[in-house]
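Take a look at the structures below.
Two complexes come next, and they have one chain in common, chain A, joined by chain B in the first and chain C in the second.
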Partner chain A sequence: MADAGGNIQNIIKDITREGDVVIVKLTGEIDMHSSTELRGCLLEITQERPRLLVINMEEVLFLDSSGLAVFVETMQQSRTQGRQLKLVGLHPRVRSIFEISRLMDIFQIYDTQEEALA
Partner chain B sequence: MPDYTNTSEPVIQVRSVIKSFGDQRVLDGIDLDVMPGEIMVVMGGSGCGKSTLLRHMIGSIVPDSGSVKLFGREITTLSEQEMNEIRKKFGILFQSGALINSLTVGENVALPLREHTHLDEKTIEIMIKIKLELVSLRIHADKMPAQLSGGMKKRAGLARAIALDPQILFYDEPSAGLDPVTSAQIDQLIIDLTRKLHVTSVVVTHEMDSAFSIADRMCMLDKGKVLKIGMRQEFETLRDTPAENLTSDQDKLIRQFLRGDADGPLSRRKADSDYEEDLLRV
Partner chain C sequence: MPTQSYRDIEIPSDYHRAKEVEDAIIDSAQSHGYHEDDLFALRLSLEEALTNAIRHGNAGDREKKVILRYYINENQADIYVADEGPGFDPTAVPDPTITENLSQPNGRGILLMRAYMNLVEYNDTGNVVHMVKLNSKP
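Let's look at the complex of A and B:
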């Protein structure tokens, strides 16, 4: 794992690995200050080439367009590798950022982690 | 900085602002609150002070006296460096679009991101696509401003204005120079972006069709003073009330402006003062 210093400790709450599945739990606000570190973390995980990467966003209350861009780039990586990326638990305000940016169809979005893992 | 999108505190608070240029008092004691998430339209005739008020709200000029607060913070006394930090929280769509002609549309949108953030170039590249998609210009990212129509320039300017995910968007005469259909498209875009991005919008305009299409609340200025602030519906009622049913001169004046009538207190006032000035000029 990358050095989990600075803002990233506020964003990355937990990373768990179950076989070839990686679950990343995020918390707090993803903005232009924290998205750079988030990008580093997610790109590093995609280098592990997990079959499925689940990003749990139940505790993410705010997401700006830099965070959105990080998820798009992570999705690009996953698709290139033929792997899966799933997002879980978008708060209404976070969901609306995905909606207005017309990204709902690009991502697989689930209400709960259980559904994403099923 | 507190998040003002979920509070009932004004995002912008203007109090007793007075500004003169030479002998001419352009703003004469302006009070105005703009609430989170609303579209406030500031309107009035040429020289009423609306553009000067806008310049106060974006911190490009300071008042002779009075207070201007953004996000609860007094901006009239800030240093340039402190003001630059506040400026990252709002975007401005200038009348002309104010694009840099030597840069492509995409590079224009990227400019604030490259100047004010440390984001990775790959992140910026994706953000540009997202911003341009929001204003339906993604496929024109590589065009130069000279290749764009007036409406497209406005949309490109808007994409740049939202580059840093601002909490407030200021629009200076967004319909100026546009045909009616393009103007209506820009109006719809202002509404969509305000609602979906949860921003607060301040629109300065003298185009009444546009004002009534987009406003939640309206503020009418005349001779540097606020004539009326209210919900759009109040202004609609005033506009649609027969002149003979209005008792106050102020309401009649507002009505004439809203309707764009050739005859009324506004034109009489102008004609009277012009005539007197012309006759008595030595």
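Let's look at the complex of A and C:
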């Protein structure tokens, strides 16, 4: 089941900037290895103060509580700046982790990137 | 901890070594025909237990060991994870799902372990967690 991965080269697939919108496409597994580097990457991006940060998770197949912590922290950072953070394309198993943690209540989550950008 | 037919592994407080052990346990469960959802649950819970043992229990001290004792058969995976820390009181961990705690970044590991495993229990000291996952089979 493991998709190998577990490092930042695999986690960050792509970063695109469209005006004041930043789209980060992730891939692989967000675990004890990759979450620290992912945290650094996302906090760096929030320091650019984009109006909207979209994190595309369509290719994320695993997430643990260290990954949840990264997203909660990034969301707090965005909110403090009055900016928006949107998550896109949660795999059903990843979505269930958000549901169990009740984080669906505080994140803006979309099925597709197009919906998040609309 | 029981001793009969369990496998023992001792590692330093090191995430890479923890990952190797985790992969070995998942591979074993896979070879016993565990359902993909069960493999996901095992992976997640091992990740949380090992992270807690290294980061919180042993406070990242590489001199301190993490000890795993486990067996896996076609019916269940039975896993103990022990650290050399002072332990903690799991009942004192704040509920991360109550509204005022939702914006706290940390503190969801035990919640996820309890949600995904069939049994999660701690010893009295709080430095050994015992987890059981039943093979749900297709």
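Convention: the second predicted complex is superposed on the first by the 112 of 118 C-alpha atoms of A that agree within 3 Å, B and C clash if a C-alpha of one lies under 4 Å from a C-alpha of the other, contacts with A are read in each partner's own complex, and residues count from 1 in each chain.
The rule is short, and it goes like this: contacts are C-beta pairs under 8 Å (C-beta built on N, C-alpha and C of every residue); 3 or more make two chains touch, one makes a residue touch a chain.
The structure displayed is predicted, hence computed values, not measured ones.
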Does chain B (first) or chain C (second) touch A:V21, or do both, or does neither? neither
Under the stated touch criterion, which partner chain does A:A69 make contact with: chain B (first), chain C (second), both, or neither? both
Would you check which partner chain A:R93 touches, where first means chain B only, second means chain C only, and both and neither mean what they say? both
Have a look at where A:L117 lands relative to chain B and chain C in the superposition and call it first, second, both or neither. neither
Touched partner set for A:I106, first chain B, second chain C, both or neither: second
List the residues of chain A that touch chain B in one complex and chain C in the other. 31-32, 62, 64-66, 68-70, 72-73, 93, 97, 100-103
Residue set of chain B touching chain A in the complex reads 3, 117-120, 122-124, 126-127, 130-131, 133-134, 164-165, 192, 196-198
In the complex, chain A residues that touch chain B: 31-32, 35-36, 39, 62, 64-66, 68-70, 72-73, 93, 96-97, 99-103
What residues on chain A touch chain C, complex-wise? 1-2, 6, 31-33, 62, 64-66, 68-70, 72-73, 75-76, 93, 97, 100-103, 105-106
Which residues of chain C touch chain A in the complex? 15-16, 18-19, 23, 26, 30, 36-37, 39-40, 43-44, 47-48, 50-51, 96-97, 102-109, 111-112, 115
